[in-house]
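Next come two complexes, and both contain chain A; in the first it sits with chain B, in the second with chain C.
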Partner chain A sequence: MSTNGTEKKWDRRSADTAERMAAAARFIGPGKQFKPEDTVALLEAVIRPGDRVNIEGNNQKQADFLAESLNKVDKSKIHDLHMVQSAVPLPVHLDLFESGIAKKLDFAFGGPQAGRVAEFIRDGKMELGAIHTYLELFSRYFLDLTPKVSLICAYKADKKGNLYTGFNTEDTPTIVEATKFSQGIVIAQVNEIVDELPRVDIPADWIDAVVQSPKPFFIEPLFTRDPALITDSQILLAMLCLKGIYGEYEVKRLNHGIGFLTSAIELMLPTYGAELGLKGKICTHMALNPHPTMIPAIEDGWVQQIHCFGGELGMEKFVAARPDVFFVGPDGSLRSNRAYSQAAGQYACDMFIGGTLQIDKYGNSSTATANRVAGFGGAPNMGSDAHGRRHSTDAWLKCGAEQPTLDRTLGNMPRGKKLVVQGVETFGEGRAPVFVEELDAWKLAKNANLPLPPVMIYADDLTHIVTEEGIAYLNRAPDIEARMAAIRAVAGYTEIGLKADPAETKRLREQRIVMTPEDLGVDRKRADRSMLAARSIQDLVTWSGGLYNPPARFRNW
Partner chain B sequence: MSTNGTEKKWDRRSADTAERMAAAARFIGPGKQFKPEDTVALLEAVIRPGDRVNIEGNNQKQADFLAESLNKVDKSKIHDLHMVQSAVPLPVHLDLFESGIAKKLDFAFGGPQAGRVAEFIRDGKMELGAIHTYLELFSRYFLDLTPKVSLICAYKADKKGNLYTGFNTEDTPTIVEATKFSQGIVIAQVNEIVDELPRVDIPADWIDAVVQSPKPFFIEPLFTRDPALITDSQILLAMLCLKGIYGEYEVKRLNHGIGFLTSAIELMLPTYGAELGLKGKICTHMALNPHPTMIPAIEDGWVQQIHCFGGELGMEKFVAARPDVFFVGPDGSLRSNRAYSQAAGQYACDMFIGGTLQIDKYGNSSTATANRVAGFGGAPNMGSDAHGRRHSTDAWLKCGAEQPTLDRTLGNMPRGKKLVVQGVETFGEGRAPVFVEELDAWKLAKNANLPLPPVMIYADDLTHIVTEEGIAYLNRAPDIEARMAAIRAVAGYTEIGLKADPAETKRLREQRIVMTPEDLGVDRKRADRSMLAARSIQDLVTWSGGLYNPPARFRNW
Partner chain C sequence: MPKWNDIQEQSFLESDARARAVGLVDEGTFTELAGPFDRFYSPHLETLGEAVEFDDGIVTGVGKIGKTPVFVISQEGRFIGGSVGEVGGAKMVNTIRLAVEFYDKLVAEHSDLTDEEKPVVVISFETGGVRLHESNAGLLAHAEVMDQLQKARHKVPVITLIGSKVGCFGGMGFVAAATDAIIMSEYGRLGLTGPEVIEQEMGKEEFDSSDRALVFRTTGGRHKYIMGDCNVLVHGKVADFREALGKLAGLPVSEFEKMRRIGSPELVEKQLKLVALAAEMQPKDARDVWAKAGNADAATLDSKPFDEFVASVKRLEV
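For the complex of A and B:
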């Protein structure tokens, strides 16, 4: 009955993989092991021009040895690769495009290479697929961006090829599952090959070849903020957040974006949070990396459970000693998992709070600048209202019920809404105004030939803006005009803020759409570092009972 | 520096687990095995009153032996359990509440037990936590609904306790990871214990105890639709969908809800789809169970890749013989995975199409009825606009660009939109009108004491309604009044439809907000079963070259 006259082949993927692995067989010994010095030759055997290739490298651990080896392959043999991977933070990730080994990029986060990404796109060295948020990119691994070859990293392998990814499991299970079960090829670099693993994170079945890298994989402490650098202004914002949002909505389940404001909030739970009587009422469940600035709140008994996207250097022993709070295996080390933590951040959390570089007059925000293709990591996923959510919590119901406009979209049907908060000083890095007429994302879209300006959080998802002027409760605004007026009211001396009409701001304050520190009963004079439960990295070490072991660059004693 | 004077314990979870496992140790032999006859005693040893317990049982495979055994425990020892699990389709799932062993339920899908769920809530036998969509429930496993004990099922275990979940991997990896790494207890029933597994799906480290169940686990073919039962009316709807939506937007990446309409569409790809010149332009990548009605389109070369939530009875050999299309392990069998497929359905797909029992005059829809707490499975997750999405595709951009109203929420910022389509006959099951003034979900909310009516798809997410009257392009409506008018225009002879104003409908047709079959150039007279590439289960077997092995109840020859 088939309309095809000829016999169709249905195992091209596996036959192709078998052929490549046959070519690589002479390098691979027992336990799937190969020698570091054969790495380039092995990659040349298993990779073909135009392949979709993943180099594991989110914003924490990096398969750096395999990335460097891929840079050394014969360009006449391997070129025009389509890189599909979480992040490109290392110079070697971009060198692949410089040399022509790679041609196209689909990713989520640029980090320090964001400027080079923009430059390469402009110069035609790189074709940009799209900028994603992590969970979205992982989703596409299973649908239309499945890697043919993945180069991953783990702490340890055993002699059968089982892997231990432990504290920094992160993206590995997702990458490996998408690659291996589409009959692709998975190659792992490990720090050590041992007789017995502390536990099995990835079964040997799922791995094709393992190399002990000449040095341990590169890893960065990206979520460590030194309490000594927190300013009084950030402390004021944190007070506003705690009283006007955390306390107001009694937010129990949430994610904190990276930054000094959220670190300040974390450090003020045992102080100002306790004074407000919020213990047990807020921050009981979090999707969060093991932030060192969470130590005092954890020790003080605020937190019931944290699920982690990844690890954080120096927090290994502290996490292992707090298995009631963290997800820890029978071996005693954390199992982080970015996919599940992003899902929890999207669907199980009632609030996302983070910062941004720019907010436009409508409330759209972005960290994109004209010449840097940075990406947003996980923020858009967690900083958006998950319309698929169907369970209720008090915070979510209250935020939704405050919206006066739902009848214009849903008729008489009620719905809750996620709290999506941006905390910013009106003038940010380099005294640049955060509130702008038009986002730089528009210029980037033009420069990088993107179909849409890269927005981190869209105006209809953003519910609250917190600045030193007060809080704009955007969810309470009856229409876009009121929302824009509320934004102007908290935009301080920026051009946007200078357009605020005092009479209108007064009305918004009466309607509780805008609340100043005075309206909220937050005493600006108290906003100083005495509010912090820990004022230095050393204080954090003390709080942890010596379990926190800060990376060298954070040690100044 | 701690504010606690007393020493705090941080390993209560693992200490508690160790104590329970010590009590169970006498039942557990080498390879973590225990005897079927010891199951009740083992469960009594490891479960405590009030525990959060998961019984694996989505809408396909079921850990039925463990569920039955849990029903036999001593109620004076084990009671008031909080069940957190995907579905409760088996009578034994509800018997637990009847007897008082369980008290509270958090779930996603009720299936045939939906009536009893409603009854038990009314009678105070069950406290309902919330109705979730699958990915949302999985997310909460990692945040605030982590199971203490999970009772799972697999095809095979080896003598170390590694598991083979193969074709029906489904929810297992997610449940096990959430439970085991929170130091909970994972107990598996398997059909067989063997020396060597075809592959390892779940490492032995993650499992505490394994039992070979007296008979293989129960499993249902839920996604099989017999082509013989497809009606001419469904074929007309399918023609409208293919021409007016699939073709209009060139939708390549999508999910199909369960039902005869989507089965008709699948069976018309090689016929009407080909006639419209859509091969290669639509349905190339799908998040989908292995629907038997997809066989002709796959054989005809329409589909590049399918990722599956679960398996489907009878499709094992066909899937194994099509590894270029499906995710298949080195052993040759499917690796399904509900969490990843739901993520793909949400973030990587451009369209969700399904059916419903009711749509209100605003466009909110639900399958809830006054006396059945059914849940929605995965539909709300896939049938919602994922605001966290940041990559562009042509279909998504076009659907977004057609919205005339985005400026009222985002100002001048453009954004794409997912196509969310509901295809319904205006009078559905039992000739009940699908279009209604008010959803029965309101009555259920009252009866079951829910904080919100359980809506499957909210009006602001729904972009298209397809009925025998034509297509309402809701995304093109400038405001809620126009959207309501478009709904009336396709609502036929229902009470809602009878309120349509012919002059208004004419204007909507001119604006292409409503299009009739005639507007679309779809010839109603051609809507008959000759359009189907396969007209019976037997035809599907033929198309598959004998690889499809239909379950007995679908064999009528």
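For the complex of A and C:
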């Protein structure tokens, strides 16, 4: 009914999409397929200047052919796009801004292009919306950053246009749901078109057009850590973590960040973990990519369930052969899902443990450097206390109960706290001190005109720091003064660490706010590579019974 | 320092130079010569303000395997990539020289010496070749080692072991090729120009040094075994190297002539045939050569389990 004589239209979005698809109709054949050589023309038909566009690509799989094709469109027809996407790891993602096809970026992770992102912002080639976490960005796809056109990738399509994203489903369902159900346009590149799919991950009626790309999509084995590169120092840190945190809190449900420390921990579950009698008491449920370094612990029966953000090259057969542990479809192959796994990491995990480049004297940490807008992907989701959490576990309750100041905010009300752990050597790569007076993130904020310094984990979420000096139990510190003293006590020979007052450190050790390896009963002399259940990629292959097929770059035989 | 028994079970790949030196000979027989307490270290590094090591990254000494006196040289990859400079080079040279002098004296005094009582030299390589900080002094050291190999010829067999992280590259690749026998594990790598240097000079298209499978099938133990550059391919423990070394150590010196790569008109002939074959085949990948050697499964040869590989592989004949 019209209230003022003019008919109100309620279907402008679908009408707009229909108009665009009509313009592209001449390229699209049966099964919604179009030819690779028509890709640029098709994109010119369906995209309009200023559109919000998503190019699928996380730090693992990439819709690289569609990204390259978008970079070839006529700039007079398509320009000033607003890119909303998880990550910008490929050079072509930034080339779009160089040429003016794109103008604004909202993202979560910069990867190898982080330096160019900072440069482009400074030079005015790029307008930065915000740096998000994955869940934060995905949430905004459903509110104020909904894509009009999404360019996605899948392994296979069938003759109707159904898609199989399989092992590397990752972000696809989230992107497609946000785009298609707001009457947007979804275009998919696939590696092959087959008669029958192993399973349908995305139904054909959510897809507008499909192309078989000339080359299979690019995929990065980002979560493979070669056990041969794990150092004795990382092994000491892993021993401290297992005894002083995993064992102390009996952490069953957790996420491991990417890094050599967590790989060392994974490889020491069947050795040091077993020696401590922790089997069945820790690490039974994990939100985790299929890390190859998890193979020995899985084979040894430590893990009951793992949900994966994405896949990992070479782990396909192993995962398919362990359906009791991983989430696999009726066809037998893994279905990863970044959004769900991130949600599990935030709400269902009792602990996040990872590394960082810098920690300031208060305990704020960041991987940002002065000239790189890197973003943090999912770490801030998992590395933060989930304030909406209402269910309890022993580890969560214990970590919360240890806080001496809970009564100042909650009165007599008990509440748990997620364990958020940063494990670092006091001097990191290139002998740069990890503990610093001020994070480089402040300089970056200035250099790239960001409204606030990009912080990966805020001090009030951080509960534990582990270094070769010992563990700072920050959750046990009564106030920020004690907290800063505990950080100084484990900061070794960095400028921050040299300010530690031995008498104060002694008091903190007595109060169990700081514990050295000796306090914990961890023998430093035992921290060597014989602690690792697998010491090479080949050992991992052996543990897997030949099911793990490492990518060429990790072979050392 | 781990106990001798523990060293035997250690991975050779991960063992440091001293553990290898101690573990390769019989328990309790190793005596280090010119060791860290003698503080023979590089004067050049000191001048440049670089850190030095009191053994200059090379462990030298003597020990025994059964009745065989063994002169040991063991390089440490964790000190400046196992590079060989003036002092480390001199330690190598003098260890071989000592072995030859010992042989001459022994033969002169005992006419009834058996083959297994005669000394051998073993070199456990882990090096990228010349220590660039020492330029000419390092190059000269290489030449002097080669000179000693000539002097040891027909008297003291020099046996090469390669299975450490850095592999054996640069000028030391030449030195290894000039020794009498080469024992490798599949983790060992032998070559002249290292993978990173090839990529830097010729580009990623020519050689992608981050593609480790490519690196290993071009320089690794399995490939070198097929090509005949490696005489014996062993599993990865120190004990495996020790066992193979023990088998060779007692052989008459004449037996080593059959294992050599260079040093006779026949071997020159053989090398030339290899060059001609390469020119004729124009191989694009090591796998082409494996197929040429008669391996029908060339495409998957590098991922075969080790024992199956050794049992079934066909080696290149020219």
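Structural remarks
Criterion: the second predicted complex is superposed on the first by the 551 of 557 C-alpha atoms of A that agree within 3 Å, B and C clash if a C-alpha of one lies under 4 Å from a C-alpha of the other, contacts with A are read in each partner's own complex, and residues count from 1 in each chain.
Assume a contact is a pair of C-beta atoms (placed from the backbone, for glycine too) under 8 Å apart; a residue touches a chain by one contact, two chains touch by 3 or more.
As the structure is a computational prediction, the values presented were derived from the model and not from experiment.
In the superposed model, A:R535 makes contact with chain C only, not with chain B. Legend: residue contacts after superposition of the two complexes on their common chain; A:F142 is shown touching chain B, with no touch to chain C.
By the document's definition of touching, of the two partners only chain C reaches A:R555; chain B does not.
Between chain B and chain C, more residues of chain A are touched by B.
By the touch criterion defined above, A:S76 lies against neither chain B nor chain C after alignment on the C-alpha atoms of chain A. In the superposed model, A:A344 makes contact with chain B only, not with chain C. Comparing the two interfaces of chain A, the one with chain B and the one with chain C have no residue in common.
On chain A, the positions that touch chain C within their shared complex are 228, 529, 535-536, 552-557. Across the complex, chain C meets chain A through its residues 11, 13-14, 165, 186-187, 210-214, 216, 220-222, 302. Partner chain A is touched in their complex by these residues of chain B: 1-4, 8-14, 106, 129-133, 135-136, 138-140, 142-144, 146, 162, 174, 177-178, 180-183, 199-201, 203-206, 252-253, 270, 284-287, 296, 299-301, 304-305, 307, 321-325, 327-330, 335, 337, 339-341, 343-344, 346-349, 360-364, 376, 380-392, 397, 407-416, 450-455, 458-461, 479-480, 484, 534, 539, 542-543.
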